[in-house]
Amino acid sequence: MRAAPREVQEVLDAAIVKARRNQQGHPADYIPELARVPLDLTSGAVTLCDGSRLLAGDAETHRFTFQSSAKLLVLIGLLEERGPVEVFEVVGSEPSGDNFASLARLETHGPRPPNPLVNSGAIALCGELAGSVERRIEWLIRWAERLYGEPIPIDEAVRESERASADRNRAIAHFLKYGGILRGDVEETLHVYFTLCSLQGGVAQASHLPALLANGGVVPGGSERIISKRTVAIVVSIMATCGMYNESGNYLVATGMPAKSGVSGVIVAVVPGVGGVAVSSPRLNDKGGSVRGHIVLRELSRRLGWHFALAQDTRDPSPSDDSS
Amino acid sequence: MRAAPREVQEVLDAAIVKARRNQQGHPADYIPELARVPLDLTSGAVTLCDGSRLLAGDAETHRFTFQSSAKLLVLIGLLEERGPVEVFEVVGSEPSGDNFASLARLETHGPRPPNPLVNSGAIALCGELAGSVERRIEWLIRWAERLYGEPIPIDEAVRESERASADRNRAIAHFLKYGGILRGDVEETLHVYFTLCSLQGGVAQASHLPALLANGGVVPGGSERIISKRTVAIVVSIMATCGMYNESGNYLVATGMPAKSGVSGVIVAVVPGVGGVAVSSPRLNDKGGSVRGHIVLRELSRRLGWHFALAQDTRDPSPSDDSS
Amino acid sequence: MRAAPREVQEVLDAAIVKARRNQQGHPADYIPELARVPLDLTSGAVTLCDGSRLLAGDAETHRFTFQSSAKLLVLIGLLEERGPVEVFEVVGSEPSGDNFASLARLETHGPRPPNPLVNSGAIALCGELAGSVERRIEWLIRWAERLYGEPIPIDEAVRESERASADRNRAIAHFLKYGGILRGDVEETLHVYFTLCSLQGGVAQASHLPALLANGGVVPGGSERIISKRTVAIVVSIMATCGMYNESGNYLVATGMPAKSGVSGVIVAVVPGVGGVAVSSPRLNDKGGSVRGHIVLRELSRRLGWHFALAQDTRDPSPSDDSS
Amino acid sequence: MRAAPREVQEVLDAAIVKARRNQQGHPADYIPELARVPLDLTSGAVTLCDGSRLLAGDAETHRFTFQSSAKLLVLIGLLEERGPVEVFEVVGSEPSGDNFASLARLETHGPRPPNPLVNSGAIALCGELAGSVERRIEWLIRWAERLYGEPIPIDEAVRESERASADRNRAIAHFLKYGGILRGDVEETLHVYFTLCSLQGGVAQASHLPALLANGGVVPGGSERIISKRTVAIVVSIMATCGMYNESGNYLVATGMPAKSGVSGVIVAVVPGVGGVAVSSPRLNDKGGSVRGHIVLRELSRRLGWHFALAQDTRDPSPSDDSS
C-alpha cells in the first residue's frame, strides 16, 4: 500500500476529475436542504496516519451535513463508554440485505435492529444516551469534537426539516419502543438522532474520523489515544459488512475500504494503517450511495493498492477494475 | 501483525487446548458420514506466506470433507477463467441476512443468488462449468490441486449420501433453472456440486488455499502466481461479508479474518499479507459454523493481532475479546 | 337453514354451556382494563332478521369494549358516504396471511394496507374522516347508534389505556403517513381509532350490526334501510376472507359465518338471510380470537345448518364437525 | 336469488357479449399449447341445481384443459376418502396473500402449504394418493367422472409440455419433500399433478362440479349423493378465501361466488342452493385469472342477485357494480 502524500494528492486530484464526468444519480429530495444543493459540488480529502491532510475538488468551500456517516459517532461513543456487551444488547452486527430504513426485518427478525449503521440501529443507540435532551446533545457535540478533531456545528435548518419529514423514522422508533428496544421518549430520541444527522462540515473534518480508525484509535500524526483498539476493530468490521447498506458487499469487492455513506452524498472510508478518506458529492445511486463518491474511492483503491485484501505489496495494476 | 512461526505455533497450540474445553454444538446429521464422526476431533493449521506450515491438535490424522469451504474453488476458478463480469451475471456479491440454503430470498430478490458462498450461489456457478460431467469434475480436480497445493481425493460415500438427501438443494437448483439462472441439467449440476462438497483432506491441505489468497495469489514461499490479484481482492472481500452465512458480521467483528465455513466443521480464514488458517472440529453452532473453530480463530486474532482492522501495529492486548 | 327462535335459543344455550367447559387461552394483557376482566364471563346473543333477539349466558350483565369488531363501523360508514372507489384507494380487500398488526407487509406489498379489518387498514380509514377530532368522534357516535340500534357509550379508561400503550399502532400510523396513505394528523387519527375500539356494550347491542348485514341492510324486524345492498355485499365478503385475521380461512371452513373478532373476546358473525350473532368471552387463542366464541359459533353453524355453503336445505348432521 | 332457466340464459348470453368487448390480458405462455389457443374463444355454462344446463358463447366447440380448477378434484376425493383431519395435516386452509406458486411462504411459514388451491398444496395432496402411478391416475380418472358427471379425457400434449417446463413446480415438490410433507417420489407425484392439470373438456363438463357443490353434494337434478355435506362446506369455504389466489378477496367482494381459476382461462364458481358456473376465455390478468371470466361472473352476480351475502331476496340493482 502506498501513502506518499504527493502520490496520494495526485491520485485524489485525478479521481475527482474522473468522477466529475459522471452525471448520473439524483440528490436526496425528502427535505429541501438536500434537494437544492448545487449538484456538481465534488470534494475529497485524505488524512494520512502521519497527520498530513490532502484536499481536492471543492474541498475548501463545499459544506454538507454528515448525515448517516455520523452514525459512527454514537456507535463509537457508546462502545467506549459502555462496552460492546451493552451495545450489542440493543443492536446486532449483521448485514441485513435490506435497505437503510427497513421495518419489515425488525418485525421478522427483531426486536433488535440488525446493525448500528441502518436507521433503526442508530435510533436505538440514540435511545441509550442518558440524561436530558440537552445533556445528550452535549454528549454528541463533545464526541464530535473528539472524533472530527475540532468543534462541529449543527445545521439547524436541516435538523428542523428532518424532524418535519420523519414519518418513516418515527415509525421505526415507535416499533422499537413496542419491541422493548428503545429506552426513553420517542420524540426526544429522534431529536438527538436528527441532531446527529445535522452535524455539518467539509471533507477535511469528515476525513479525521476514518483516519483515527485507520490509525488504530490514535490521533493521526500524534500519540493521544482517542479510541481503544477493541472499539476500532468492532467499528471497522461493521463498516466493512454493513456500512453501505445493501450494496456493502459490492462496494467492498470494488474498493476494499470499509466505509460509511450519508444521504448528503458523503462517504468516509478507512484504510487500516494508512489513513482515512472523505468524499462528498450529492448525486446518489438507488441504494443511497454517492455516485461520484464511489468512483473516487475505486480510483484510490485501484491506483494506490488500498484494497484491504491486498495488503502484501504495492505495485500492481487494478485489482478490481471491472468487478461489479 | 505477528507471523514468527514459533510464536504462531505456540498460540495455535494454546488455542486448540482452549477450544477442546468447549463441548457445545452438534455435528451435522443430515447424512450419516457427518453425523458419526468422532466429536472431539479438533485440528488446526497455519500456512504462512513464507511457506512455513504449522500444525496442531489432531492435524496429522483428522480428515474431513471440505464441504462449503470448497465453494471458494469454483468461484476462484470461474473468476480466473471467465472474469468477474460473467460471474456476476449469475450471482451477486451481497450478504443476504438469511441462512445458507434460503429459497425465500431467491423468490423475493432473485433470480440471481445473493452471493457465491450460499448454496444457491455455488450451485449456480457449478451450472456454469462447460462440457460433460466428466470434464467438469476433471476441472474441479485440476483446480483443487492448484488451490490446495496437491491432489485432493473425493469421498465417494459422502458424495453419494449428499446426493441421496439433497431435496433442499434440488429445490434450489430447479428454482434457479426456472429463473433462467442455471444452465445445463439440474442433476448433472448437482453431481458436480456434491463432488465439490466431497473433496477430502486435512487442515494442512485446507490451509493452503487461504494462504494463497493471503499471499496475493502467489504460492506461499514461492513465486508462481496461481490467482490474479483482482480475483484475490474479490474473493477475500466476499469472504469478509458473506463467508460465514448469517453470522458473517458477528464473526468479522470478533476475528477480523475473512473466512469460509463448511458443514463438516472446517473453517478456512485469510490474514492478508500473513498467511492462511484452517481449523476443523465437527460440533456446529446454529448458523452452521464450528464452535471450536470460532474459538481458535478468535484466539489467533486476539493474541497475534491478526484482525484486519488493526494492521497498524502489533503490541496490544485483545482487540475484540468480548465483542459479541 | 333454521331460524325458529325457540330452536335458536335452545342451541345457543347449549353452545354456551359447552363453551364454558373450555379453559384454554389467555385474555389480552397489553392494557389493564382487558387483563383484569373476569375470565369466565361468556355471553351470546342472536338477533334474527325478524327482529327477535335471543340472549344466553352472561348476556344481561357482561359488558365489554367492541375493539376491532367496531372496525366494521368505519368501513360501513365510509362505504355509504364516499362509495367503494374512494375507500379502496386507501385500503385493499385481500387477506394477507399475516397477523393483525403486521408492518412488514406494508413495506413489502404497500403502501395500501391489505384490507380494512387489520389495524393498518382501520387506521387508514380513520384518517379519512373529515373535520376536527370532535366532529370525527361525533361521526363515530352517530354511526354507532345507527348500526348498533341504540346509543353506544365510550369507555374512557380503555381509550386512555389504548392511547398510552399504542407504540405498534403508532408505528403503523407513521408508516402509513410516510407512504402517503394516511391523511391528517397521526395522533388525532389514533385518537379516533382508539375511540372506535372503546365503544362499549353487551352482546345484545353487538349482535344488531351483523343482523343488519344479514338482513341486507334493512333494520331487523323493520323496513328502514340503513345500509345499501352494495355495502352489505362488500362488508360481508371482506368479513369472510379477512375478518378473523390469519385464521379467517380455518374459521370460515369451520363455521361458514363471515365474522369479525375483537381483542376483548367478542366475535360478531353474519348468517345472510337469517340473522346476526355476537358472542363474547375474554380468553383468546394465539391469533387473537375468543376460544369460547369459536366454540359457540361452530355449534350454531353445525346444529342450525348456518354454514353459508349449505344454503340448500336444513336437515343434516354436522357439516364441519372435525374439519380443522 | 333468481334461477329461472330462461332468465339465467338471457343474462349469461348478455354477459358473454359484454365480456367479448374486452381485449385485455394475455394467455399463459409457458407452454405452447396454452400460448397458441385462439384468443377470442369465450364460453360459459350454468348447471342449475335442478339439472338444467345453459350454454353460451363458444360453449359447443371450445375445449380446454381444466388446469388448476381441477385442484378441487384431488381435494374433494381425499376429503371424502380420508377425512379432513388427515388432509389438513398436509395442507392448511388459509389464504396466503402470495401468488399461486410461492416458495417463499413455504420457507417462512411452512412446512405445510398454506392451502390446497395453490400449487404447493395441490402437489402435496397429489403426493398423498396411494399405489403405483397407474393406480393414482386411475383414481383421478374415476373421481373426474364422478365430479364432472361423465368421463374426462387427458390432453397428453399438455401433460407432456407441463412436465417439460415444470422447474418451479419441481422446486416446490422437492422443497415439500425436504420439509417432510411430500410422501413418495417427486417425479411420480408431479406426473399425477400434471395429469390432473391436463383433464380436458368444455364449460358444460366443467360446470357440473360446482353445481354438485351448490347442490350440497347431490347430483343436480337427481338424488344421488356424491359428496358429503361436510366436504361441500369445507371446499366451498376454501374456494371463497383461496380460490382466486391473491385476488380472492377482491373477487369475492365483486361477485360473492366462491370460485376456482385455472391458467387455461377457466373459472368455476358456486352459487349455493342455485347452481354452478363455468366460464372460459384464455386472456389472463396479472394474478392468473381470466379477464373475460371475471366480467361474466360479475354480470351473473349483479343481475341475478347471486352474491352469497345477499341471500335474503332477489329484486335489487347491482350490489357490487363498482366495488373494486
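Order of writing sets the labels: A, B, C and D. Residues in every chain begin at 1.
Basically, a contact is a pair of C-beta atoms (placed from the backbone, for glycine too) under 8 Å apart; a residue touches a chain by one contact, two chains touch by 3 or more.
These numbers come from a predicted model, not from an experiment.
Chains that count as touching both chain A and chain B, per the definition above, do not exist in this structure.
Counting only chains that touch, the fewest steps needed to get from chain B to chain D is 1.
Separating the centre of chain B from that of chain C, both taken as means of CA atoms, is a distance of 55 Å. Centre-to-centre separation of chain A and chain C, using mean CA positions: 49 Å.
The geometric centre of chain C is 30 Å away from that of chain D, both derived from CA atoms.
In chain D, the residues touching two or more other chains are 105, 108.
This structure has the following touching chain pairs: A-B, A-C, B-D, C-D.
On the chain C side of its complex with chain A, the touching residues are 102-108, 167-168, 170-175, 177-178, 186.
Across the interface of their complex, chain B is touched by residues 49, 83-85, 88, 92-98, 105, 109, 114-115, 213-216, 229-230, 232-238, 240-242, 246-250, 252-253, 256, 258, 270, 272-273, 307-313, 316, 318-324 of chain A.
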